[in-house]
């Protein structure tokens, strides 16, 4: 420090107190914000939600004013499921290669940079890409498959980065100890590394899945349809929860149902967060 | 921990493996948001009434009836029909020559008619001034040449006119562009909405708003006033006798010849129940009041 | 228990992992190349870039269609500026709170709250803004309609806040306690120590946090689609309506026929977005050596 230190004077103490107060206010805002948002939605939306709402298709005339969100919930789950089937093996495999088998540090850095860029790309760009290549060029039409693959593309960079971090967290001593016992690399990977990294990998996968579940932009033009009654299949379009909310608001059909739909979306997110906390807890054991 | 992993992978398998025998038996429709409520309801009723296709007609396969309906606007409907992404496109305007070329062989089935009405909230200054305007006056408002109510008429308040329009792919947007605005572009300050329903909601709630909307929605709303154009009110009679200047067909478009299943659904919409749905939404059903497509 | 002989399983595992990485890499390259290729007709037409970005308005129904995205990137700029202007100070403040002021119990309550805030889907934020901010603006600011750049910017600030807060908190916490204690031992107040030591050392990390927030704000789609007003006019004030690049793509994609000029323009808009995001990331990486404090 350039100036001679001095005991704090009156002004400095006041500024410090102000800082403390401000910091607490900001912290309180941080804690209150999600509560306010969720509470607001809950107050208006909780009344709509019941088992029928969660399982039945939209009803009323025009459609959406009555009935429920059953097909949308199904569709969203199916889309995320397919996305995971696409993204998870590729991401974990790629992460494994980078941590276990890679000999060129430059490669790891290039891949990391590229993956971070991919993770930051707007989701509508994935939707645009999915529409052009999957829906039109590959003639998958607007379908569960096209939307699922697009969501897989969205999730892939997130899981790759997270899996890499989880794998790198496994101490090299454990690896060396296993190898010194004479087992193959693959055995080490399977029994030692993956086992330790599994909670971390699952945590990031759950987070990515939750993010994909709530994103409308990638599926808006690749998989979603305004109305369906079920009949899930790989070549058929699906209703999805986020696009259903978007349509409800756009068509102004039923704000009550919109609140209910928003609340279900938030509910799923909360479940995802709880799961991740449990998984991270398992990590510490 | 082990349970979570198992549950996780079980979930993936369950959803990833969800397959119904859906190769045939699926109909996809999409396009005009004007037709969306009617066709969604018609398809829902159709699926409710006929579980499987062989109940519609014994010669059809025993497959579940699955119908999907989307919005996206008339242009999206035509393009999807051209691309083959839908079996039936929903269109609420006349087809353009370019589209007809791209479609090649095609069939259109008119299921109703409506008008594109200029509508304002009951409390809108224009509504309190008078109930009818000329097309030129409307053109000057929609093109943004007139920006505030006072600019339009000195007795009106000095508030800016808020325009609500459909985006460029909509049937109503094209009809208004062609028949009212002619060469002048829509005001860049207009808010583009994604569906007719959204237009209804905005016009219902905003007294400073001016927009165009399907006459069916206008007639069903008690908070909107439809302005007469060149002395003609946007009522269903004026649609039937074609006196209202912006009348348009509500059509289902099929590339080539419709398949047997598509044909069955089209017949359902053209039949008694379907037309009753059309009428219940205040559109003009086809029938004795038929306004044939092709009239420009 | 062996399923396969050692060497074979060894090779297969290696192969599988390599193939995964290549598949991922190939997809990335495919995305980049495809988008560039489809954007090329618009980007590289003569005078095209200037017209696209600056001179042409957006009038697709004109003959010939005018497809300039000037209004869009200016809307993006304005909305992003508002959201960062609000979220960055708030975020740093919360970050400092987490690292230097909050007791452990409060910290462990705050972190999950930030995670929840970060995870709420974009469409829910858009809906929330639509039913709260938009009517509020209409009633209190006598606006013709509440959808505006300001409304979108404010909700976007809430969406971006948790990321800035978490990332800057991480950067602040990485400063070793010794430095703080050395300062406090001199007799300065906590704020003085925070300002002169923690913040000064964590500046690169703070930059990374802001960059992360920026990238997120630029890429948001549904929330701004529902709140910014979706109008193709060039916005002049924050109370005007606008149409950011992401909303432009979302609105016009359904209508654009594959291969049409509008289709290529939408890809050009996507390319602009990707370009900006990659540049931001590159900037952060260039400073990466100094990002998290290292002894």
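A, B and C label the chains in the order they appear, each numbered from 1.
The working rule: a contact is a pair of C-beta atoms (placed from the backbone, for glycine too) under 8 Å apart; a residue touches a chain by one contact, two chains touch by 3 or more.
All values reported here derive from a predicted model rather than from experimental measurement.
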- Relative to chain A, the most remote chain by C-alpha centroid is chain B
- Task: For the pairs B-C and A-C, output the one whose chains share more C-beta pairs in contact.
- Result: A-C
- Taking each chain's centre as the mean of its CA atoms, how far is chain B from chain C in angstrom? 35
- Message: Using Cα averages as centroids, what's the distance between chain A and chain C in whole Å?
- Response: 16
- Task: Would you mind listing the residues of chain C that make contact with two or more other chains?
- Result: 254, 258
- Note on the structure: Within chain B, the set of residues that touch 2 or more other chains is 83, 193-194
- Query: Counting only residues that touch at least 2 other chains, which ones in chain A make the list?
  - Reply: 136
- Of chain B, residues touching chain C in the complex: 72-73, 75-76, 79, 82-83, 159-160, 162, 167-169, 173-174, 177, 185-194, 202, 206, 208-209
- Note on the structure: Listed in rising order, chain C residues that touch chain B in their complex are 57-62, 71, 138, 144-145, 147, 229-234, 241, 243, 251-252, 254-255, 257-258
- Query: For the complex, which residues does chain A have touching chain B?
  - Reply: 57, 59, 61-63, 77-78, 80-82, 84-85, 88, 135-136, 139, 141-142, 144, 198-199, 202, 205-206, 224-237, 247, 250-253, 275, 278-279, 282
- Message: Which stretch or stretches of chain A touch chain C in the complex?
- Response: 1, 5-8, 12-13, 15-16, 18-20, 22-24, 26-27, 29-31, 33-35, 37-38, 40-41, 89-94, 96-98, 100-101, 111, 113-118, 120-125, 127-129, 131-133, 136, 153, 156, 160, 184-187, 189-190, 207, 210-211, 213-217, 220-221, 242-243, 245-246, 249, 255, 258, 262, 265-266, 269-270, 272-273, 276-277
- Can you check the complex and tell me which residues of chain C touch chain A? 6-7, 9-10, 12-14, 16-21, 23-25, 27-28, 30-31, 34-35, 38, 90, 93-94, 96-98, 100-102, 106, 109-110, 112-117, 119-124, 126-128, 130-132, 158, 161, 165, 186-192, 194, 196, 215-216, 218-222, 226, 246, 249-250, 253-254, 258, 266-267, 270, 273-274, 277-278, 280-282, 285
